[in-house]
Each structure stands twice: as structure tokens, then as C-alpha cells.
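Every chain is named by a letter (A, B, C and D) in the order it is written, and numbering of its residues begins at 1.
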Amino acid sequence: MSSTFGKIFSVTTWGESHGQAVGAVLDGCPAGLPLCEADIQAFLDRRRPGQGKLTTARDEKDQVRILSGVFEGKTTGTPISFAVFNEDQRSGDYSEIAKWYRPGHADLCYDLKYGFRDYRGGGRSSARETIGRVCAGAVAQKFLAQVAGTEFLAWVDSVGTIDCGKFDTGTLTREKIEASPVRCPVETFSEKMEQEILAAKKDGDSVGGTVKLLVKNVPAALGEPVFDRLDALLAQAMLSIPACKGFEIGSGFAGTRMRGREHNDEIYFEDGKFRTRTNNAGGCVGGISNGADIECRLAFKPTATISQSQKTASRDGENGELAAKGRHDPCVAVRAPVIVESMAALVLADLYLQQKRNCL
Amino acid sequence: MSSTFGKIFSVTTWGESHGQAVGAVLDGCPAGLPLCEADIQAFLDRRRPGQGKLTTARDEKDQVRILSGVFEGKTTGTPISFAVFNEDQRSGDYSEIAKWYRPGHADLCYDLKYGFRDYRGGGRSSARETIGRVCAGAVAQKFLAQVAGTEFLAWVDSVGTIDCGKFDTGTLTREKIEASPVRCPVETFSEKMEQEILAAKKDGDSVGGTVKLLVKNVPAALGEPVFDRLDALLAQAMLSIPACKGFEIGSGFAGTRMRGREHNDEIYFEDGKFRTRTNNAGGCVGGISNGADIECRLAFKPTATISQSQKTASRDGENGELAAKGRHDPCVAVRAPVIVESMAALVLADLYLQQKRNCL
Amino acid sequence: MSSTFGKIFSVTTWGESHGQAVGAVLDGCPAGLPLCEADIQAFLDRRRPGQGKLTTARDEKDQVRILSGVFEGKTTGTPISFAVFNEDQRSGDYSEIAKWYRPGHADLCYDLKYGFRDYRGGGRSSARETIGRVCAGAVAQKFLAQVAGTEFLAWVDSVGTIDCGKFDTGTLTREKIEASPVRCPVETFSEKMEQEILAAKKDGDSVGGTVKLLVKNVPAALGEPVFDRLDALLAQAMLSIPACKGFEIGSGFAGTRMRGREHNDEIYFEDGKFRTRTNNAGGCVGGISNGADIECRLAFKPTATISQSQKTASRDGENGELAAKGRHDPCVAVRAPVIVESMAALVLADLYLQQKRNCL
Amino acid sequence: MSSTFGKIFSVTTWGESHGQAVGAVLDGCPAGLPLCEADIQAFLDRRRPGQGKLTTARDEKDQVRILSGVFEGKTTGTPISFAVFNEDQRSGDYSEIAKWYRPGHADLCYDLKYGFRDYRGGGRSSARETIGRVCAGAVAQKFLAQVAGTEFLAWVDSVGTIDCGKFDTGTLTREKIEASPVRCPVETFSEKMEQEILAAKKDGDSVGGTVKLLVKNVPAALGEPVFDRLDALLAQAMLSIPACKGFEIGSGFAGTRMRGREHNDEIYFEDGKFRTRTNNAGGCVGGISNGADIECRLAFKPTATISQSQKTASRDGENGELAAKGRHDPCVAVRAPVIVESMAALVLADLYLQQKRNCL
């Protein structure tokens, strides 16, 4: 069941870039949560293409329809079915791609796996598959906001070699992030990143980037020991996003250069709660949330599909060259934040419901 | 089912540091694989404590018993049950820890989660839990070696600030790795790392490190699109190892600084097979293995339990200090390689069996 | 994940009687199976209401749309999404039902479970939910026909006290079954059953019935020992159909009155195959198919919703009477056969794919 | 994962009749439940062989050991590992069986499935596998007794043609059931059943029987709509018990002969609770418990292994005869009640924990 994620709050996505529609079924959402299509649409609008010169020119409204699971404005506890019908498909753009494997792209692997593939727009490996995740993730965010006041913030931390570095996230809001065309809330860096992306685009090339995730008001005690640790599931969730090649939580790779004394977050008790003075753990110790903010960083490689000519092989084993046409994002990190939030919310909602039954 | 990993080749681990035994049940291993206790023991011996001055002084033989699933020297297709009975437990060492939460350790989170905890030796969060994983992983390695000649190599890449850097892995063998007391096959760095660890130990402190994983002869087409991507499951598997805080595959975080043209691995066809000239992908494109080597890097934070005195809080909300006694590894990375191999083998064996049914 | 069935060949259904649509997502179908909407429609047409005076007057075309997972007439190995939009909904018919609990119906239990319910047409407990199962089951039947020539036949065996008894099933065809308005292929009994149903309908009442299932050309070795036995999964599958209250396989309850000598099916070897002279096992021994025909019998209780007045209680705890309006089948067994076949095919397709990996 | 049952309260059994041990791992049991080995032993003692002339002469103490998951007399929320070491194995008894397939037994199917089998004592298809279920079921019964006062009673309802019929179960206790050597609480019938079994045994034959299950104080709202209905999971659970060939709940097959008016259980509200005047539903409507007693009936076929000579085929395809030696129960129904209770308790405990998260 590769298309299903979560054990209780469980989403199954379906759909290809150039099929009739894409969507998802969310099973296991508790009954009684107020929900309407506009709740979902707000998140989809942050994900959709055609938002400016930094993203693909493919123009999609991405209008969501809720086909089941909601009655009189509330979830009923039964599966919620989402569908977004595809509109702006230009299958003609993809004829060359049917023959030549794009380097860095999943084309070859799909053929190796299934014997053939839907070559139009990447089929199932297209970023359009993430629409279903954003639909379900929007419900997860709404659910966690209601039961725990949990808040998800994700932004672009670096583009190519432009890194915005550390800044005070105390006053960070989603509005500030979304006000930046590259979704970097630090204005000076936002502009430099924009230049970096446009330079790559002008060259018919693409560029990589990193995204940071901050989750506030995380309930303590989420995460199951051993395999379904909170950090392990977040890692799976993030690496499952197309083009993600790395994940770290808290001090991450930098923390490996530290001594234990320095790294350990001092625990103290105040106002009826256990807290830590630092957060090298990134909110997760032993795979379980300790109530501090969750802090992660993710690596997104440069977009595989570029318009520059590249050497590659064909389905028939001919070695040659391909200059991909079609419309593609020059930097996938820019549209990633809402997907990152969605996946994190799906993990936390599922673990929240799992935790409800751990004690008598 | 937090203690179960894998959908077909599926392992369930059980046991605490100071319970009667630790072990695992491996379900879904195909029938007919030659298997005996010595096959498993070879892997457990690489994991066990008491191997020298770099690891905990706790001395355990860790003798495995196979209780089911093998008949006349071959797996029967039914569950294989492994048990390792605990021997050298000194519960007395842990009395202080029952009261004071160790900073950086799972103590507090277990109490938050379950209302109380088995405080002896970390209970379920102890590294002894990984014994069950190594048992099952040994079977997975044997299975993959037989069906595909797959080979797993993991070694310590850095300790604290000592980083062995890139070296030619073409002639690397498990013997070379295991010949180093820190499991770094580059001799000059191995010695420096050893000094780094002993220096930390002398200070009653600990130090972090990174581990690299290389998998050769990986069958192509493993990994399921969307959530059960090969890289996503490897990330979950690795982050599920105690003290692991980061994961990257192929170019990872460094790859985010590159352009697409540079990053894309050129595909060519030779000798009846599709290959790539570089391996920035780390053997995994679109979540599916392309037949190239899998290359990953993992971050392990410094061991949480140290003998230096640290400020912390007690179960009752008293703020005070704790100097942990007990016997602990000063650098967990040193014993991690066999666990890393085991988890990778479990992921690949499961995806191998899943792939068997993807085409008519 | 109550709405998902199957571990590899895995279906998730969604939708309510009076929502926008009902449907299913089928994940894990192998790539390369020829499939089009007409393949599915043929099965849905056998399930749909409005087929005559024996079924509900609700008239639905039940036109299926395949929204994903098929490319150039073949399955791609990725999720197949089915949707059937609802048409003939008369919500006005259900106003009384919002207040009074129908005896024998799921109304009360849904309220107890979720705190409220979609009272229109039974919501998720409506027989319309089975549309998604029939869509996925049609693919399962096509898949098994192609790989093993497997054939599914289900028919009405009794209605009320009219029981058609044993007859020669050697020449039975789906056409013969479907030619009968009650789906009983024995003509004389078919007429008696029809009278029985019409008599109940005239009285504003309903009547129960039994359905038999025969599966031919079943591959041997399907079914996993212990919990996922073939017969155990068939039992779950059948009892999951609305109104089903009993299941037996092979000799079933009658077999409990026999001695072992009489009951044991003699094994013999002929033409390169192990066979049995009798089939008291119903094709399943130790939870595993032995290659003989699968034979089951299922009990369907009388339809709960009837137009006669019945004593019952209201949501508010008032005790009173309800005479349900609305349009309902007087005997649910009549439309059950295609659903029974679908569920059996889903079980067998899943176990077939599971079996592919049991040996080296 | 054929050896795992339950999604949250989840048991994995392992072990063969003639391996070193049999056992189970129970994952997902909430923390804080008082538990010791004696709690389990009481249930195992009801299951064990060697209880008299009605069961196999194989004499096993079946002493359980809890290897993990319990600390200071309480469950910790982590996996509970049970092991029972095998003692009285006479492998010599089984040499003939290695060659000749027992009619009605799983021998042939295991060979077809895995290519070979552990022929000693039936291997994994042995009734000894159910020891693991009884261990986990004992915990489930204790858990449900504590949280809801739920009580499980199972007894032998018929043996061969001797049927004890309906009797008043209002004052039925487990003690009364266990006082009968055949586990039929109606004294006159108990004696007749005993004669029936001894007559079959004397003939070197076996006989079938039925078991009834009654569950009192069932929490309402248990069971998930669609596939994980309470009755569907009970059916799977029961059919997964060796030799079980049929299941019915409430009115079952007899109910198919009734009209709806007669069958529907009248609902009324009294003392703050919704109740029904009759219980044709058997405590389950729309797949969800309504708070009434659960009532089921199960069919067990005659034991396959008999000492009379039977025609059969050998592994090599030779047609011949087999008179099985070894020690076998002449009527498996007699030892079934505690297994039936265990499986029912596992289903209910899992659904109880699932239900905890269905509402906000």
C-alpha cells in the first residue's frame, strides 16, 4: 500500500499529472470537526503552479471538491474524499520524453519497475500527486489547531549557495513567509534567492534549496518507541516529497561535532511543566515529543527537468541527447513549504490519535 | 504497532535492557533460506558491548537462540523467533536515574507518554532493543546476498570534528572496517577518532559522529512510489535508531547548492543495462532504486548519559543535579554500523518482496 | 483504517448514499492489465437498483468513471480511482428517520459511535457503499481470470423458507443466474422465491435469504497460515457486507455432525496433480486453498427498513412508533451475488499476490 | 504479516508444535494494567492437553514466561513477550506423516505453499500455535474486565448429533462450564456428548461439534464501518481457529427464514440507555456493537487426524493408505472454548482502543 500514509489518521492519494483528476481519501479523521472546501482551498492555493515567474507557467485553478465524509459542515468520522480535476494539460509537450529518459528524473525507474509508464508530465511522480497530501494535510492542521493550538510554519532557508542563516523566529508568521515570492521571510535574502533562481532559469537550468520547518505548541508524548518514532516518521514523510534528499532534526549533522555535555538540553520544571533551556533535540527525545518546538531542515535537489540539452539514453538503449520542453519550476523548494507542513501535520495527527490509547 | 517494521518481510522487536530477555519475531521470510544460529551470532558479535575501551564495560555474550521457523537448516516460511537472554544487569546502578531525568535522554518522554517507566537501563529506549533488529537484519542480509549478491558496508565517517573525508571505496571490505576499533577504515583517521573518544571519556563526557552506508549490487526497481519510497523508508529506518538525528542520501544537503545540469546523473546504456556516469542520486531516483550503489550518511548525536554532573529536574518537579553512574558508550556511532546495515537490509528485503508482484 | 481491505491488492472505499458521489481507490493492482470503464460497468449494472419490482425503485444509472491508474488501456501499477456520482437522491424521504431509530438498522449505532450521523439514506451504512467494492472486485475478477482462469459464480440459494436445495453446478453459468429475477438458477424455485418476496413487499415487510458462492479454477497455495487464512478472510469479507449474519465453507455447520472418517476428503494423485474425491473442505484446508472449488454459503437477514409501523425510540429517548417511508429492497439477497463475488475476488487477488513471495 | 492480528492491540504469534517453544508478542496494550504470569497461566491451563480421556494424551505443563513489557507488576505500554517451551515431543510418532498426506489435514497445502514443511506434529498448523493467542487473549480479557466489566463465556453446544439446545444463560458461569469434561454446562447433554466422543475414539475416529460464545457487558459503539465491522472481525477471528468451518451471529442462518418485522429488535429507552427487547442481531448492528450481549455460534469439523486407515497420496504422488499414529483429540471442540474467548477478546480490545479516537 505505497499510496497510504498513517495508521489511524490515514491518507491514500491517487492520480497522475495528466489523468482526469488527482485526489485523496482521508480515513480516520474524528467526527465533529468543522470542515468546508474553502478550508482546503486556502492551502491548495499556496501549492498551485502559475503563481509568478518563479514557478512553472502551467496554470491550474486546482479547485477542490469534497465528495464524502462531511455532513452539515462537520466531519462524520467516515472517509473524506477529495478530488481536483486536471485542466491545463498539454500532452503534446511530452512527446520527446516518451522516448528519452530525463537524467535525474524517475522516468527510467518507472519503466524498470512497471515495464512501461504514463510519460505525460511524469505521471505519478509528478508534483501534482502532492495535491492529495495538501488536502489531507489541511484537515490535519485544522484538527491539531483545534485540539492543541498547534501551528505549522515552513519556509525556504537557502537557494543554491544563498543561505539566510539563523534569525529570530519568535515573531515569524505564515503571512510574512507567504509575502516573499521565494517564501523566505528574511527580506534581503529573499531578493538574493529570487535572483539566483531567475539566473538559473535564464540558463535553462535549475537550482536546489533547503526548507526549514517549525512546529509550535506540539503536544508532549507523541511518537511511538522504536520504529514509529516521531523523528523517524517525519523523516519518512519528508523524504517522500519529490526531490527531497536529506533530513535533520534539531542539531542534526552539526550536533555530531559536539560533546554530550554541550548538546544535552537542560531540563527544568516551571509553571507545572517540564521544559528545556535549549532545543538541540528539536522537540523530540527518544522518538517522542517533549513539548518543545519541532525544528527540522530539509534538502531539495535541483529540479531534474531542465531545458538545456543533456546526454542520456532512450528506452531502446540508444545513447543520445535530450533538451526537455515543457513547463517546470526552476527551484522546487519554493513551492515545497505547504507540502512540508502538510506531511508534518499528517504525522502529528496520526501520532496524536495513537497516543490517545497508550494509557488506561 | 510501533514495534513492527516492514509490510511483507516484517520484524517485531520486544524486550527491555533489564528484562529477562530481548528478541524479535521475523514474519514473511520466504521458505527455503539456509539459516542457523551462527549466521545471526556473527552479526550480534559486532554489536555487542564489552568490545574494548571504546564501548560500555557492560559485558554480555548476547547468545542468540532461534526458537521457531527453521527446520532441517532452512527457513519454513513461518515466523522466526529470536531470543537473547540478558545476563550482566546491575540494577543497582540505576537507582538515581529513577528519580532524576537525564538531560538528552528519553526518561522524561517515557514518563509523559505512559505515566511511569522501566527506569533500569533505559528500558525500551536502551540500545539493547536493537539486538532484535540485528537478528532480523542478519536474515535480510543473507536473503539479499543469495537472491541478488547484495552487499552492505557501513563505517564511521567522523567522530566529533575528526572527519575522514572522501576515500576510494572500491576495495573497501567489512574486514577492513571491523579491523579498526572505531570502525573507520582509514587508518590515520581511525587513530585520531580513537583519541577523540578517549578524551571525551576521560572528561566524563561523550561525543557525536557520523556513519556512512554503502550498498552494492542493489536490484533495480525497488521502492514504491509516493510514501514507501526507498529513500523515505531508509530515512525512517535510520532515524529509528537511537541517537540518530539526520539522514542524507546521495548528494544530500551539499546537493542543494548545485545546479540541475551539474547534479543530474547522465544515463547511458552499456552491456544491456542502463547506468549513470555519476551517482548524485545515491542509487535512488523518484524513490526507486536505479541499480547504482546506495550511498547514505547518518548523524549520531553525542551519548546522552554522561558521568559529569548536569542540571536537571526530578520526577517530582524538583530542580537539581545528576551525575549518572552506570556504564555507557562514550560514542554511540562506533557500535552503530551493524545496526545501520541491519535496518537497510530490512528495508531492501521488504521492498524486494513487494516488487515481485508489481507486474503481471 | 476501517475503509481499507487487503494488504497488497488493497481497496479503500468512500462515499455516502446521499453525498456527491461514492467510489474507491484500488492500490496494488499489478501493471499491464487491460482495463476500461466498460469492464467495470458490466458488474455495476448487476448491482444497481431499479432492476425490477424486486428491488428498490430508486433509479440510478451508476455510471463509473476511472480517474487514474490506467494509461493507453492498461493499468500502470499506480492507484486506480473510481467514482460514481449520485443522481436520484430524494432527501425529503428521510426526515422521519432523522428522529426515530429504525429497529434492526445501524442508525442508533452510528449515533452512539460518532455522536451524530448523516441520516439521509443510511449514510455510510447504505448499500451504495458497496459500489466501490464492486468496482475494485471487477478488476480483481479480471486479474484472476487472466492469470489463472478463475471464475466466480454466486446465486440466491434460499429466500425465506423457500430453499432450492442441491443441484448440479457443473453446467452453471453466470448467464443462467442473471436470467432469473431473483438470481436463482433453478427455475421452479426462482418463481417460488419471487412470490415469497412479492408477498413480503405487499405486506410492507421484508424477507431474508441465503447466497451460495462457487469459485472455479482456484490456484492452490493461497491463504496465509494463522490469521490471514483464506477461509478467515473470506468470512471477514462476507460478514462485512451489509445484512450478512452467517458464513460457512464446505460442509460448514452440517459437517459438525459427521465423523472424521466420513468428513476427510480422500487425496489422490492424477495427471500430475493432487486432487480430492469429495470436497467437504470447500477448497480450503488449514486456511490454504488446495486447488478444489471454493464453496461457501452466506446468511442475509431480512431488510431492516420496512414500511410497516414498528415500535422504537427516538434520538431524544422518546418511545414511540415509526413507519419508514423511502424506497428499499424487500430482500437484500437478490442484489447480493455480485457483491459476494467482488469480495471473494478481492480476497483471492490479495492472497495470490502475497503467495508470489513465499518461496525463494 | 499473516501472523499478526489487530491494528492497535496487536498480537503476533510464533512457534511450531515440535520447535523449541511457542509464544507471542503483544504490542499496543496500554500501560498500567496489573499483570503477572499467573494471570495468563489460568487460561493456558484450560487449553492444555492431557486433561483427561477426552483430549490428546500428550502431556504438557505449558508454563508461560513473560519476557518483557511488565515492570513492577504492571504493563509498561511496550511489547509483552510470552514464551512457552515445548516439552513432551515425540518426533518418532510422526515419521509416516512425513511421507503420506493426512486427508483433511494441512500437510498437502503447506507443501504446495512452501515447497516443504515441518512435518512434526503439524508444525505451524498445530493447535499448539493457539497458545500464543491464549496468552494475548488473557491480557485482552483482563483489560476489558477492568475498563468495562466485560465477561466472556464459551461452551460446547453440540457434539456430533447431540445438541444441547437453548437453555437459560442468565446464571451461566465459567465454573459451571469448566466443571463439565466436555465443557457443556447442561449436565444431561454433557454426559451424552462424552459418550459420543468416547465412541468415536474407540473406533479410531473423531467427531465434530459446535461452540457458543456469549459476551456480556459489551461497550456500545465498538466496530468500524465497512471492512472492520465487529461481526466481520469476529468471523475472521473464529475462522482462523484450526478446524472452524462456520460462523453465525445472532439469528444467523435461522434468521434468513424470518420476515423483517419479526426479526427487527424493538428499540426502547430506559434508565438512560437505549436497549432492545430481543437480540436477533446478536449485539451487533451495522457492524457496530449496540450494547446488548454478543452471541455467536461456531462450527468445528471432526479432527482430521484419526488412527483408522484412510486412502491418500504420498509426497511423491504414490496413491496408498495411511493409519496415523500420534496422539490427537477425538473432538477439537472440547478444548476450543478458551481459544474462542481469547480471539473474541482480542477483537474487542482492539476495537475498544480504536473507538477511543473516533470523536473529537
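The rule we apply is simple: a residue touches a chain if its C-beta (ideal position, glycine included) is under 8 Å from a C-beta of that chain, and two chains touch if they have at least 3 such contacts.
If you're wondering where the values come from, they're calculated on a predicted model, not measured in any experiment.
If you compare A-B with B-C, the chain pair joined by more contacting C-beta pairs is A-B. Farthest chain from chain C (centres taken as the mean of C-alpha atoms): B.
The distance from the centre of chain A to the centre of chain C, each centre being the mean of the chain's C-alpha atoms, comes to 39 Å.
Per-chain Cα centroids separate chain A from chain B by 26 Å. Inter-chain centre distance (chain B to chain C, centres taken as mean C-alpha positions): 46 Å. The set of chain A residues touching two or more other chains comprises 1-4, 7-8, 13, 28, 31-32, 77-78, 113-115, 124, 225, 354, 358-359. Per the touch definition, chain A reaches chain D in the complex via residues 7-8, 28, 30-33, 77-78, 146-147, 225, 353-354, 356-360.
Residues of chain B that touch chain A in their complex: 1-5, 7, 13, 101-106, 108-110, 112-115, 124-125, 129, 158, 160-161, 200, 203, 205-210, 220-221, 223-229, 231-240, 242, 244-253, 255-269, 272, 274, 276, 280-282, 285-291, 299-306, 308, 310-314, 317-319, 333, 354-355, 358-359.
The touching residues of chain B, counted against chain D in their complex, run 1-4, 7-8, 10, 12-16, 19-23, 25, 27-28, 31-32, 65-69, 71, 74, 76-81, 83, 113-118, 123-124.
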